[in-house]
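What follows is a single structure, written as structure tokens, with notes after it.
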């Protein structure tokens, strides 16, 4: 792999088979459907006006609409035995990695039936059954990923870890320390940087001294690649090599995907600082990929509708379950501090 | 500048004039003379046995013998208006940057007449008159250096800052954050990494995923160079370009010097972990440079003796002053917490 | 402020009626206009105006040379503030949430706070570290902490915690002019943000122009004779609410707003407890090894006999802050727990 | 141990006579032999054997797969410990000096300590974070701090602080077996290092084989009737020295070695102060907003009337730790200050 990506073959000449391609689409649709439902319920009861602490889903809400290709393309290569550590914007990776939607939704709605019995919330989704975790502190999800990788290797398995941050987070010290240590110890980690061009209101050009974090792989002597155009199949291809390297004991890889923040940094963000807003909707990767697949004869309208309906059904089931679940008992607020 | 250094011209064909070369030698000798005096007095009264907290100079003592070429070569381009931030191993840079030996020695001896009235000690030398500071926390001297550089530019001057760490420290998060920010804001900083191959007992190969930190300049889009062979003239040349860039507003440079830890990590370190000990004395840069200069007809024995005598006189004056100075009054231990 | 903006208050009012966040900004603005060495740096402090509106309008007025958006590199840019302060500037540096201290505490407590001492007084670090604290809006365990106990425990930095517009402005001006590092901790819930639960006292009349609130002076915000409540920040407001309720029952509560933790105004506390004999501490930080213990010890240092009943501590019961609303409200020191504690204390 | 080694004690002695550092290592060794999921990582813990001899001999016995020298990247390797613990290992991770917490506190307090809670109990983080604390040998403001107040203030991690060989081994075994994160803070001055000032109680008989000291139980190390001194770590020894002196003057001092800060054994403290009516806290950490206040509050939480005199706090007076020997000794809680405080307290 090289640090810059040569032009990829046009998706029409995809190296992937039809079912895989439709599968990627299905994952992306499921993610988007989930995020749209959360967004709907987030705003459902914040009034009068907008009070961030109110409603069915209070608190900050960082949605990943537009970034589905990254999660779908990478997680396609994982099983539930592999681990993923994500960021404050974790839903797309959680879903692509197979997290149970019901327990996930219940956590986001703060219910006792949630993954963390309502203790964690949307930035703190922990799922032992898919080895998924995330953190609200920038770049600080990377270091624990090293430990999961260490344990997997120590236990004699070929399980791998995917560790995610944003391009803004890549300027945090933990990024550097983690890449160096993972490279040095040849840990089975795939580092993924989601470059959505923004760290809240700060564009990449104002946060990062180089154009692409893929450049930074050379600092650690590891392969690195920048995937352009938010292209799910290019992500899939690059990730397949990176995951294979990790499984084979050849050490970490750094993948940066140039992706898109379709919505605000968090819900309620009016994005007054953002000059590119008008162009954004046209760059939505889901309709784009749908067009590609239908042009390739893989996705007719009926199938697309069916995928969308299935996603809605699953998501609404999960959301309904969440809403019908009990809130935690305030008397138990002190439980789980210690095991 | 490139990330690897092509072979330098043999010192016989030096680009530097005679007085400059002898000046570099003089600085190196002054440093070594100071360090030897400290070492002598460090052990003078640690007994019976060795109690690190006892004696004229208690506490950890990190001496820089062998690393004089780095400090001498870099600081030759600075005036007292420029700043230097150093590490737990700071004496060589302090002296090369022109710190008053008397106040420095008094601080190391914990006296009221010391730079910090005995509050700081050898890892905490602060000298406003030469804008010198240092820190005992690995790599954490880099960030304040950015601020000095920022202030210098903000104040409309062309003053620069030299920020130093060891090769072990370059794996700390602060290194990455500082280089990125300095590059982004084009701050007038010269980052110097002293690669003495060891971070206490850990060799570079066990701490750093690449052979040279100069490789890492590309991560920040800044020029970087590795200077081989602990060669003071090569350091001088590289630093002259780096300092000139900084003064001209062209931003930071990263210089790594492959140098030598002639003694232990700290005094008392028996270095049982170190396999190269037998070779070390022969690599001492001071006799080597003396031979070079005398071969070039620049340094006869009498001059060398005179340089050495001058250094001894200055150092012994400083040490005598320190020893004769009063210790701080215990009643004043709470002074200087707040201004 | 970018989060869905709403008009604050449309009733006719004095021209100096400000929210806490606007009062804070006014303090910064006055100092930036007065002293060219004052700069402001942090994440999203430029075009965004600060996630909690701590810098709204500053970029427009002072430009990008003095109001600087940084990369997400707290160690680097807080360190940058330190170095700039050492060389004669007066930087105000924002740590977006106090919860993020863990990525940059070394610069804060081993450098910012210690350089003056280590230099034997020869180097000064006149900088302000602003940071948002507090919970109550379901932001979870890593975005809701107060942590002032941690900052106040580590020597060499002053720590101020305004609870209202007047103090926010006056303490900001005092902090910028102070020759020491000052940590300025503002609770999101006192800022008067249009997108958070409204706090009646988060908008108030504030004098125009410059004035300072002295660092190290607590304020008796409600005099009373039966019980002393020592508190700070958002909890001042909850306590005042409760004091009004209890007044109807004939319980006369004295409320002390600490305003500064370092230096701590022990005199004011002692004077009050000397009068009331009953002490309640309300603290949104973790209970153990923190502020509430220090206030109790302020009495026992001098005369435990002043206390006619146990000291009640209404704090976070040493629990990470839960996300789910009923759980979070159970661990926060809110009106219900404050009222119960005061009633219990005066009944003994 | 590489620093100029000297024979510890050549007099004939029981085969289990160990220094604190050797007892600590023995605890680790027993667990590593018993449980293959135990590993040790940190800086200079391999060939060097730990700067303060915390790992001497482990590399030889268990090899570089289980005893790992790390780069100087505390955030990365402490995080690595966390992730490994989450996946079923039991890592012991060394932070060389507690003073370095500032470069990695986020992993410690926002991750190691909170994951269990945030996961609603579904994820466990059974790891031990070992770290050296304390001053007294002129190592300056960044290498001499105790900081246990800071660790104990932040919820979700247990904190233990052994003062002697027996506890060092028993608490280490207990810590490794605990399903929670445990911070294990060892004072350099109690380790019995050949190159530091000798402490008579730093070498003692230690049972062979495995045993645990329960986390959360303080110990009355000297019973007495006149005054209770609550203390920990090196200060236990200073206090015992003083207690002997004072016994000659008829002052009978009860000394409590806390051993654990989290959980804190409040019962033992209350029982003792209930008996003596006089409390002195000796704490090498900074005085304000820390341990000493928490101990005072432990009494005032229950009954300030138990205290027949003010509580004396003998701690670092909120000063960075000075380098120069006479200054450092002036701010440390040493025998002179402890004795004066006890005399003052019992005389009231």
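A few notes on this one:
When the chains are written out, they are named A, B, C and D in that same order, and each has its own residue count from 1.
By definition in this document, a contact is a pair of C-beta atoms (placed from the backbone, for glycine too) under 8 Å apart; a residue touches a chain by one contact, two chains touch by 3 or more.
Just so it is clear, the structure is predicted and the values come from calculations on it, not from any experiment.
Hopping across touching chains, the smallest step count from subunit B to subunit D is 1.
Among the other chains, the CA centroid farthest from that of subunit B is the one of A. Mean C-alpha position of subunit B lies 41 Å from that of subunit C. Each chain gets one centre point, the mean of its Cα atoms, and the points for subunit A and subunit B are 45 Å apart. Per-chain Cα centroids separate subunit C from subunit D by 32 Å. Looking at subunit C, one finds that residues 70-71, 73, 75, 99-100, 102-103, 106-107, 110, 117-118, 140-142, 155-156, 318-320, 322-323 touch two or more other chains. Counting partners per residue, subunit A has 114, 116, 118-121, 124, 135, 137, 140, 171-174, 177, 180-181, 184, 206-208, 337 as the residues that reach two or more other chains. By the touch criterion given at the top, residues 49-54, 58-60, 110-111, 114, 116, 118-124, 135-140, 168-169, 171-174, 199-202, 206-208, 268-273, 327-334, 337 of subunit A touch subunit C in their complex. Touching subunit A in their complex are the following residues of subunit B: 171-177, 179-181, 183-184, 206-210, 215-216, 218-222. Considering their complex, residues 83, 85, 114-121, 124, 126-128, 131, 133, 135, 137, 140, 142-152, 154-155, 161, 173-174, 177-178, 180-181, 184, 335-339 of subunit B touch subunit C.
Residue ranges of subunit C in contact with subunit D, taken from their complex: 75, 99-110, 113-114, 117-118, 140-142, 149-150, 152-156, 261-262, 264, 279, 286, 288-297, 299-305, 307, 309-311, 313, 318-320, 322-323. Interface residues of subunit C facing subunit A in the complex, by the touch rule stated above, are 2-6, 43-44, 46-48, 51, 69-75, 99-100, 102-103, 136-143, 194-197, 317-320, 322-331.
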